[in-house]
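First chain A sits with chain B, and in the next complex the same chain sits with chain C.
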Partner chain A sequence: MTPGLQTTNRVDRSRSHRVLRWLLVRLGGAAFVLWAVATLTFFAIRLIPGDPAEAVLGGPGSQASQETLDQVRRDYGLDLPLGVQYLNALGRLLTGDLGTSYALKVPVADLLSAQLGGTLILAFSALLVAWASALALSLWSTGGGRIAGSVGQAIELTAAALPHFWLATVLIAIFSSALGWLPPVSTGGVLGLILPTVTLAIPLAGFLAQVMRETMLDTLDAPFIVSARARGESEGGIRLRHALRHASLPAISLSGWALGYLISGAVVVETIFARPGLGRTLLQAVTLRDVPIVTGVVLLVALVYIVMTILTDAASRLADPRLRTAEGER
Partner chain B sequence: MHSPSRRPARRALTAIAAASGLALLLTGCQPATESASSTPVAGGTLTYASGDAEPTCLDPHVGGNYPQALLAGQFLDSLVSRNSEGEIIPWLATKWSVSDDGLTWDFTLKDDVSFTDGTPFDADAVKVNVEHLKDPATESSTGYLALGKVESVTAISDTVAQFTLNAPDSALLESLSMPWLAIESPAGIARGMEENCQAPIGTGPFVVDDWVKQDHVSLVRNEDYNSPPADAQHDGKAYLEAIEWRFIPDSASRYAALQAGQVDILDNAQPDTIAAAEKTTTLAHIDAPRPGASNRIELNAGAAPFNDPAVREAFIRAVDVNDGIESLFFGSAKRSYSPLSSAESVGYSDESLFTTDLDAANALLDTAGWTARDADGFRVKDGERLTLDFPVSTNQSIPAEQSLFEQIQATAKQAGFDVQLSLLDLSSWYGVLAENDYDLVSAPYTKVGPDVLRILYHSDGIVPAPSGYFANLSQVSDPQLDDLLTRASEISDDAERADLYEQAQKIILEGFHILPLYDQQNHFLLGTQVKGARSLPTVSTPTFYDTWLANN
Partner chain C sequence: MTAPLLEVTGLSVAFGDTTVVQDLTFTVEPGQCVALVGESGSGKSVTARSLLGLAGRGSHISASRMQLSGRDLTTASERDWRRIRGPEIGLVLQDALVSLDPLRPLGREIGDSLRLHSTLSATAVRARVIEVLRQVGMPDPERALTLRSGELSGGLRQRALIAAALALDPPLVIADEPTTALDVTIQARILDLLTEVKSRGTGILLISHDLAVVSAIADRVVVMKDGRIVEAGPTRALLESPREEYTRRLIAAVPTDKPRGTPLVPGSTGVLPARSSRWTDAVGPVLEARSLVKTYSRAGDRFRAVNDVSFEVARGETLGLVGESGSGKTTVARLALALTRADEGDVLLDGAPFSTMRERDRRPLRSRIGAIYQDSLSSFDPRYSVRRILTDALDTAPVGDRSTVAELLDAVGLPTGVAESRPLFLSGGQRQRVSIARALAARPELIVCDEPVSALDVTVQAQVLDLLNRLQAERGLSYLFISHDLGVVRHMSDRVAVMKDGRIVETGTATDVFTDPQHPYTARLVSDAPRLTLPS
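Up next is the complex of A and B:
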């Protein structure tokens, strides 16, 4: 860092400039991502077979008459050239209008606001459980000797490789059918949240624990740990106070990605556990070619992902002072 | 520090132990809880788990598919119903008569029935419903087609509704018995599509209270109900206070929820869960095949190679269907040899046409000029391989059926057929059919009565609707068959009608246009505490009017 000789005032200003610039770059990036997502979705859903006008008319295989089809195409602007349709859709999105569902005939915004809560609760509880298990697992596997290390590694690898649908089925078979402890399908209460949360959390915990353990092992060999040991710090203290902070850094920055991963996992988990949410809404909308809902869900998920990325970025900057200074020199 | 570490390991061990014992535990028996009395008890909420798609609109006039029919039967009544012998019986209409020319039908209606919004049920209401179904703005598909011959309805008096037809229609009563043509409150319809889709208003035993999307529909009892169909077991209001209608798409979770007592009854039971349930004493099984057509593989005669009847016969002789059905459906599906469902009394079967005979198949293909074989063992003619495209809808073919198609693929290979299965989602599947890009296809079709044969096998059915959809997927085009089907659809005499349909079915079967598999499967599993549940003999949807819960 160069401005070592300048006054405190100038340092403050240049720091706030850097924060502002960081924020502007993020927001610009976010706007670009949202535009790209909207554009890609718009064209992608028209590349797969199926006529959106049929979504209006009760799904594929409709036997609607020509006049009904024409009427629907006019009403929904589906008779216009694709470019015009795209600009219209973009114009509506800019004013914050997500449109009306073709199949359900209700505003997309209402539908999504009703479904977002369920998915976010599921995703965040899974993230929390995954974080806690990954932390516990990596602390144990790095501190418990060679056997703990390899057992930990095996658990991580296995957990990370488990597919959600398999895990869900096995968990239901064990905890609902065999033991009768937990309800197999959602109840609206906390009990019904446990199995879906665990299903989503186990593979994620495997990923996070792998990253944490590797960083932790690297860090434990670092010179400042050696000096901490030399100062007579206890082994537990070293790992909790020093190594853990380092080990959590990559995991923090992975959390943005993790949330995206969890929301996509929600498609499977919500379906199996019969939970209302964005995942199930998306699945139904794609099957029916309900373009407004698909666009709405994809944009919303992109938005959640962007917000999460900005938050994890900010959290990394808080946890790691090196990031705050390095940015100014770029 | 070490205590949390052991927990995952222990959990994993428990999981392994439990998973290995799973098969035993899943089928494990619990002591039966027999109810002491067989007198119906009023009260309680029945929880229903539907594995069908969640409807996008609860009004069965709009579109018109099976998921809508499942629900509509709980809150809507129809003009007529059908009994288990296949005879049309009174429901909202007490009697009916038809003019000699078959063009005028008079329906006499019950005179003391009201919709749950207070609107009286009368001849005007019937007129409004028919007009609603025929209005393009309603976006009706199933109901619209079924009323194709109905010109108009006139209210002769409050209790007599007169239907005027443009051609005689021997299927009119069967059409009117279907839930897609059920009667709704005119005031409810007048609210407009958005509101009517959320909660249609009928005269039925239950009322739509609330619909939470992706989750459930709440139905509450209609306290003033007085219009059950003629074959109901009691009068007055339903026994159940309410029905919670849940959407649980995954078959295994649905069954687990039934075992755990979270739900009382489920639909779309899969062969493996049916087999498991039949080993218990706490679960019962209702097998209610859907009416109309059987589940069958259509052979597209509209293009090569199946435009050659010998190649069609060779395919049917080559494939082994029975072993596959036996092993994959655990005895829950019975082999069919008819184009019609066993629910249709005029169904005609001919088992002798479908015996597997590989030698005969090979001989037929040799004679048809498919003499050479390529390196992979598939037959070739003029440099073209004997390839059969078989698009499969993952929405309509259950996993057991998809496996059956794989077995058919394997046995057809022995005769030199290269069957190309492609699993598609519903929109893509309809897209492939609309482009005529298939040789084999299995497409269920539910309709009350044998008139389904006209829809599926009349050459008019090859002309696509504007959406590209067409029903005659085997692309049979036979003037003699067309004539039989048209005459059968207009004739009033039941015996003559049955005879015409038998001749038509013979032509379809003997022309090797279809490979019948089994009835369109429709299985319900329920806890033994659920008494008096049955499926309506119209489109085999469950009805809970006579249902009560023991030990509630």
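Up next is the complex of A and C:
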């Protein structure tokens, strides 16, 4: 009869050990992914037609002389064999040097660190708003009978299907042009953050609510819900204490992916609302063939993705104790 | 005489136009255990839920009288129900991994009842939860507070479920299949615990498909079929002189203490000839396992699931392999089927190497060993019709000696019409018949049966066991019959091997092992097997 307890005793003793191992495995994986991303971007950019030296001098239209081009190639190490260039680039990356922008002639690292904040604020506030509205929507649609269920489902589907550029235009038309409540371009204040955040959050909220509603409906059929009802738990208590937590599990695991989705969405949204940020920087860099900036943004987004994945993984383990024990049994 | 604790008169439950319970009348006295017995679909669980106002959406409940401690339940509002559930009636569900919220520790799950219905402080709640956990025999109750259902064994989870129902000391406890899916020894302990609860004056409404389980504890038995009462009465009278044919069928279906060869379904044919006339020692064993060892690693530890296991299955014989969950039975089945590679030892088929061959060479031999599993549904492709399942299996049979789908269905007693159905739409018994038909398709010499009847109601189990015996008599099949249920194994086997912690602790003829067990573990298994016992 006691074996169950003995097992968990052993699990207890090795818990800190397991957490450490989990973290090391994740960090090792992260380092590998970063290296792979850096390598892929390095070679992928070499495949783009056009001379990088010309890009440095302002593109093919600059009519630069052969001498100037050779000079630029020497300065930027572009005359070295490809393998050496790759190793040099990796070496610089290890020291945190992302190179210098071709067009703006400033260090990429400085440029990105100035832009990252704005994008992260936008992405995280969108994630927060999406989560809150998805929770509210799924709680309402699973609790209010058949009509609420169908209406909720319709809202989710519509929201998830809306493209960002369209949403942004409609929101500006209503809240800036017609009502004049909110500014159509970002002014840097909180008011300017509202419209871009909502634009990014609505499709994600629809998607998250779909996932939450389905898990919640499954959970409400589980035997432990009958157990809870049989001890006199109220409908609200059942949702709050049991169903909500189960429903948030898949949504938590999706949040890492969601942040990546939000950052790529930020490219469009930042441009429309003329908001400074990574998205706009990336768009300009691509048009100008500013290779170091493109590389820097790709690496940075990969890094954010990795950190977010580790965080959601940790959050999932916190919210779902079964993950911790299951790992120990393997 | 005082008023009964629970009085139900003329209870009917309907979902839309379908009536699932009709005109049910029974009472439960304080300190009495009343058992509702019937097959799945007989309406017993719906009855239990109705008594808690939890029959579900779309249910329509009517009763001329439904009273708990003199209080009318027919007019209870949802608010009233919430005050009745917990303090007045406790519900114990069948153990499933998720009968308790897998995300919350036991202390919170059990403490919820107290938090909802009392004004006790956090410390007092904790003290009461520990007290009630101790009462249900949970080892180290203080530690158990922090454990979640996934960290407990099946027996301990069932104890925790009982503790949750007892937390507020309700006068009535409803237990819905509280021992189904538990090992026999644990089942016996849970029944002991319920008997103890009863002796303290709590009324128990026990729901089960198994007459043997309820006979140990129930004072009265109500037999249900298709939502109606077939027969009701004191346990002893009902078991000794059942008036109805259906009750007699339930009693006959209990395999424990029924000698090998006795049909479990009254009036069925196909009695097995005596063992000596089936078994010829002239040829060697069909299957021989020699010193099998299989090690798995779990939580960083090496753990021997199968430890030096040897056995033989003779032609036309059934070797029963019995043991509790975790004893290594299923690993032995997989090793015998060469689905898992043994670390040491080997398996011989008809005296020739089987487990040590390369898979490509072994494949043509595989048709000689069939397999039947407990969860037949998940062993079928859900998109396939029964015909497709059997046709696929027939492709592996020796050319020129193939049966037709109709012949297979006929052999397992299924109507030909079933061929076009999908397994999902068949009953549990029908599904298991299909999986037997699938195993027969390749004309095997031996069938490995891994818990073939554990998921079935006792009456359906009886039909399937009779079918297996009939097929053995007709076709000279050999079985390696694996089960945790001693009654079933004894009824089915010529010889028996008892497994514990990866080892075979005792082997012998079924009669010897069960009438004169040598190993203390076997002795305990034998004494805990559910059998029809008449209360004294």
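Quick notes on this one:
Heads up, the rule we're going with is that the second predicted complex is superposed on the first by the 316 of 330 C-alpha atoms of A that agree within 3 Å, B and C clash if a C-alpha of one lies under 4 Å from a C-alpha of the other, contacts with A are read in each partner's own complex, and residues count from 1 in each chain.
The rule is simple: contacts are C-beta pairs under 8 Å (C-beta built on N, C-alpha and C of every residue); 3 or more make two chains touch, one makes a residue touch a chain.
Just so you know, these numbers come straight off a predicted model, no measurement behind them.
In the superposition on chain A, A:223 contacts chain C only, with no contact to chain B. Between chain B and chain C, it is B that contacts the larger number of residues in chain A.
When both complexes are overlaid on chain A, the residue A:231 reaches chain C alone and has no touch with chain B.
In the superposition on chain A, contact is made by A:144 with chain B only, not with chain C. When the two structures are aligned on the shared chain, A:51 is found in touch with chain B, with no touch to chain C. The touching residues of chain B, counted against chain A in their complex, run 1-2, 4-5, 8-9, 12, 14-15, 18-19, 21-22, 25-26, 49, 53-54, 56-57, 62-65, 136-137, 139, 141-142, 144-145, 193-194, 197, 212-215, 246-250, 252-254, 256-257, 259-260, 262-263, 395, 425-432, 465-467, 469. Of all the residues in chain A, the ones that touch chain B in their complex are 48-51, 53-54, 56-69, 71-72, 103-106, 111, 114-115, 133, 136-137, 139-141, 143-144, 148, 151-152, 155, 158, 168-170, 172-174, 176-180, 183-187, 236, 270-274, 276-277, 280-281, 284, 286-289. For chain C in complex with chain A, the residues that touch the partner chain are 49, 52, 54, 81-87, 89-91, 93-94, 96, 98-104, 109, 112-113, 116-117, 137, 139-140, 143-144, 147-153, 155-156, 161, 164-165, 167-168, 186, 189, 298-300. Of all residues in chain A, those touching chain C in their complex are 1-5, 7-8, 10-11, 14, 222-224, 226-234, 237, 241-242, 245-246, 319-322, 325, 328-330.
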